[in-house]
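Common to both upcoming complexes is chain A, partnered first by chain B, then by chain C.
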Partner chain A sequence: MAVARHWRNQDQRYNLAGTRCKVCGGHFFPKTSMCPSCHRRSLGKLERFQFSGNGTISSFTIIHEGMPQYSSQVPYVIAYIDLEEGDHIIGQIVDSEPSEVEIGKKVEMVFRKLSEEGRSGTIQYGFKFRLTP
Partner chain B sequence: MGKALGVEAKSVPAPDEDAATISVMAARRALARSSIDPGEIGAIFVGSESHPYAVKPTATIVSAAIGATPVMTGADLEFACKAGTAGFQSCLGLVNSDDGQIPIRCALAIGADTSQGAPGNALEYSASAGGVAFIVGREDVIAEVGLTMSYTTDTPDFWRREGMKYPSHAERFTGVPAYFKHVEMGARQIMERMGTKASDYDYAVFHQPNGKFPLKISKSLGFNREQILAGLWTPRIGNTYSASMMMGLAGILDVARPGEKILAVSYGSGAGSDGFHLEVTDLISEYPRSKAPLVSEAAANGIEIDYATYSKFRKKLKMEGE
Partner chain C sequence: MGTLARDVAIIGVGQTRFGEHWNLTFRELGIEAGFRAMEDAGISSSRIEALYTGTMSSGLFLNQEHVSAMIAEVVGLTENQIPATRIEAAGASGGLAFHQAILDVASGLHDIVVVGGAEKMSDVVSNLATEFVASGADQAWEGLFGATMPSLFALMARKHMHDHGTTKEHLAQVAVKNHAHGAKNPLAQFQREITLNMAVNAPMVADPLGMFDCAPTSDGSASLVLCDMKTAKELSDDPIRVAGTGQGSDSLSLANRKEITSMRSTVAAARRAYEMAGIGPGDIRVAEVHDSYTISEIIAIEDLGFFEKGDGGFATERGETALNSTITVNPSGGLKARGHPLGATGIAQINELVLQLRGDADGRQVKDATVGLAHNIGGTGGTAVVNILEVV
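Moving on to the complex of A and B:
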């Protein structure tokens, strides 16, 4: 079950693929089947949209005791990111000390390992973010 | 030990990085500098000694993460540190073939590794992480491959059996009969066939298991320090295995100018070498290098970590609660 779910979300997780509404021009993440502002008028007028992965941190929290899978990464930062093209997303900030992370700092998307189903199961990959150098 | 091996620092993967994530980042950076549509890529080869899956190609993960699927082929290659250049040769073969028979005009060759040696072993000191991706095509190239040839023998200098975490090596074979013989023969056969000599090249790059071997081999082949400096990265980032020679070549292409000639020879234990004669084209002056980090920028971007953090990263010490 989990393998199939991860596979269905692959485009979203790998490529930050969301939806563009051709009626109002809005960009949405994750993918949606109806534009939140145009509602029924957007039916049949939605297309796949790939976000650049550039954004700005609008808030964040530092996790000191994470899930067992993340024990080698604590303390780590989970941030609320305003995407350049619109909409926002929650993602982990990697490759910097938590003390370097600040609201308003620019970030870029990186491709990382998200989780793995034990030592014999599949590995899930997808987006995380890091401070733009 | 650092001084003996000529390695001052090495790159280490973060806990959430592996050969697949490094390959994807390298591929995306290569595409960022190019105007080709990922859908045009007809083949992806990923050379690595540290593919995350034993069965399930890293190439498939890269394909999906750059949007190259589904009309394409891909495979993971293994040949110790020269698996990446073996992929480079395969790409050249496919893109230069008859379009009626094999309609592939553009391919991606990646070398990436997150290798490790047993703690305390000399390999532990130099084994590092990194990846390089080259887009191989026929049109709009920044460097023309004039010739590629390989030199292969069955030499037991270095191996790792299925299921073993760390590789083993036979001291007796590691230097002269393995690295030096194969790289030297590989370089000489290229120069013989091209009718070139060391002084005809602006740059030379050889596989870099440590900082010392490439200096020694380039000297015995008649190259001077100026010719190899732009491609010498192991002293600063360690041995990136499958990416090692390709990283050097990428570093050279970061600074190369039109008309310059490059000799590049990789080495893989087991053992073999892949040699390349390259000539930089006029298009390099328009190549948008700034759209992705240069090798020097990527190398300078690292965060210094202590051994405890390093071990935690590499899962070598049993951690609390695990």
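Moving on to the complex of A and C:
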């Protein structure tokens, strides 16, 4: 994949930045260039919105047959997270045993390596989550 | 609004066996199903005025796009330069190709069209198939972070279990029932029954979903002949009428939905199809639903209105979805046992309903079947198509 494909999403993936609609106040992740509620009225009125990275596990799964670039990490945990701002996000839960993960537990965002395109290719970074102490 | 401009009917169906066809190419699979459908309809290919093909990902699996022209060529339909169109909506490609063909014939543009669905998945190794199937979900915000297609359904399953008391055994009951049905279908990929114990204790894929909770990767093709009702009655003694057809959408990513234990796309597609048909879920005796995973079937039979939200797993355990019970769900064996060659699935569902409504389904015949429903989704439900067929 061309580097630009990942580079253009850096702010969202590294910082958990989305957008907020200045018309209705709604916020979105990933970022959008049009508010799905305000439609055309929102054009040009979307601003960067910083999510806190704090949330609650709404559901989770322990993956035993992973995506090819994650196959060395199995078993790994993917969770459906309710962010405290009200949006949802899907991310990996790290720094704990799969058996410690439960619905309702609090999580916080951490910045980690996601994958790499072979031994000499680009490395992808982005958000993951860990259980808050 | 909400009606077809003229009546449309199916007069022929054909399907390859689903499974691992190491000796057959994509082209050969398409030819086999297409000619069986035309033979069943009793017409020559010179009568065909347009061709629709549902294929999800020939580009990734075979490095070949533009398969509409390829299929038209190999079945000899390029002689008259008929319109040939490929439809893609991940696993709903077949159902959506059928939906589009209905709109074509109902509009009056063409009288007789062929609709096919085909996929060739066994030419790539299994972890690549995992990645290609995941392309029906959101690659930038799900796949990149390690989410596979089964893992996204596992998120739905655990939430459904948490909110409604659905159990791992309920999930397994779906697989046991569909394998029992598939054992009666000579074109199914798996024609052997399994036990509850085997399903519950199978190796995990994405906890809580194990191997028997997931439809297989398959090669296969299915095809049908569709025409306006006037032509259908001239050509066929037992045309099957399209009573209703509906399509719905939802966000590509699971994270952008308010809830993950129901699919709004299915609810909307079903509402549109029921309204067009002038019937409700209580009128359906036989349904082919999209059990790409066991939890998919449980969510589908709730969203289609057959059972209350949260009761899908319990209803399955009570045996209410088995052959000739309250409502027969997936008499063909479903995606789980018939097999799931992505683009072919939606057409195979329609073909099964046609056999059921004609009374030609042999050992898996649903008694007194006069109305049937097919439900086909793409990805995690970003697209849903519901079609209702009835005996004329």
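Here is the rule we use: the second predicted complex is superposed on the first by the 131 of 133 C-alpha atoms of A that agree within 3 Å, B and C clash if a C-alpha of one lies under 4 Å from a C-alpha of the other, contacts with A are read in each partner's own complex, and residues count from 1 in each chain.
As a working rule, a residue touches a chain if its C-beta (ideal position, glycine included) is under 8 Å from a C-beta of that chain, and two chains touch if they have at least 3 such contacts.
In this text the structure is predicted, and so the values were computed from the model without any measurement.
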| item | value |
| --- | --- |
| Chain B versus chain C as contact partner of A:80, first or second or both or neither | second |
| Chain B versus chain C as contact partner of A:96, first or second or both or neither | first |
| Which of chain B and chain C A:112 touches, first, second, both or neither | first |
| Partner chain in contact with A:133 - chain B first, chain C second, else both or neither | first |
| First, second, both or neither for A:55, with chain B first and chain C second | neither |
| Touching partner for A:14 - first (chain B), second (chain C), both, neither | first |
| Touching partner for A:123 - first (chain B), second (chain C), both, neither | first |
| Superposition-derived comparison: chain B or chain C, residues of chain A touched | C |
| Chain B versus chain C as contact partner of A:71, first or second or both or neither | both |
| Chain B and chain C contact sites that coincide on chain A, given as residue numbers | 68, 71, 73, 114, 128 |
| Partner chain A, residues of chain B touching it in the complex | 14-18, 20-21, 24-25, 28, 52-53, 56, 61, 64-65, 67, 293, 297, 301, 303, 312-313, 315, 319, 321-322 |
| Chain A-facing residues of chain C, complex | 127-128, 130-131, 134, 140-148, 150-152, 154-156, 158-159, 162, 203-209, 253-257, 260 |
| Residues of chain A that touch chain C when the two form their complex | 9, 29-30, 58-71, 73, 75-76, 78-80, 87-92, 98, 103, 114-115, 124, 126, 128 |
| Contact set on chain A toward chain B in their complex | 10-11, 14-15, 50, 68, 71-73, 94-97, 110-114, 122-123, 125, 128, 133 |
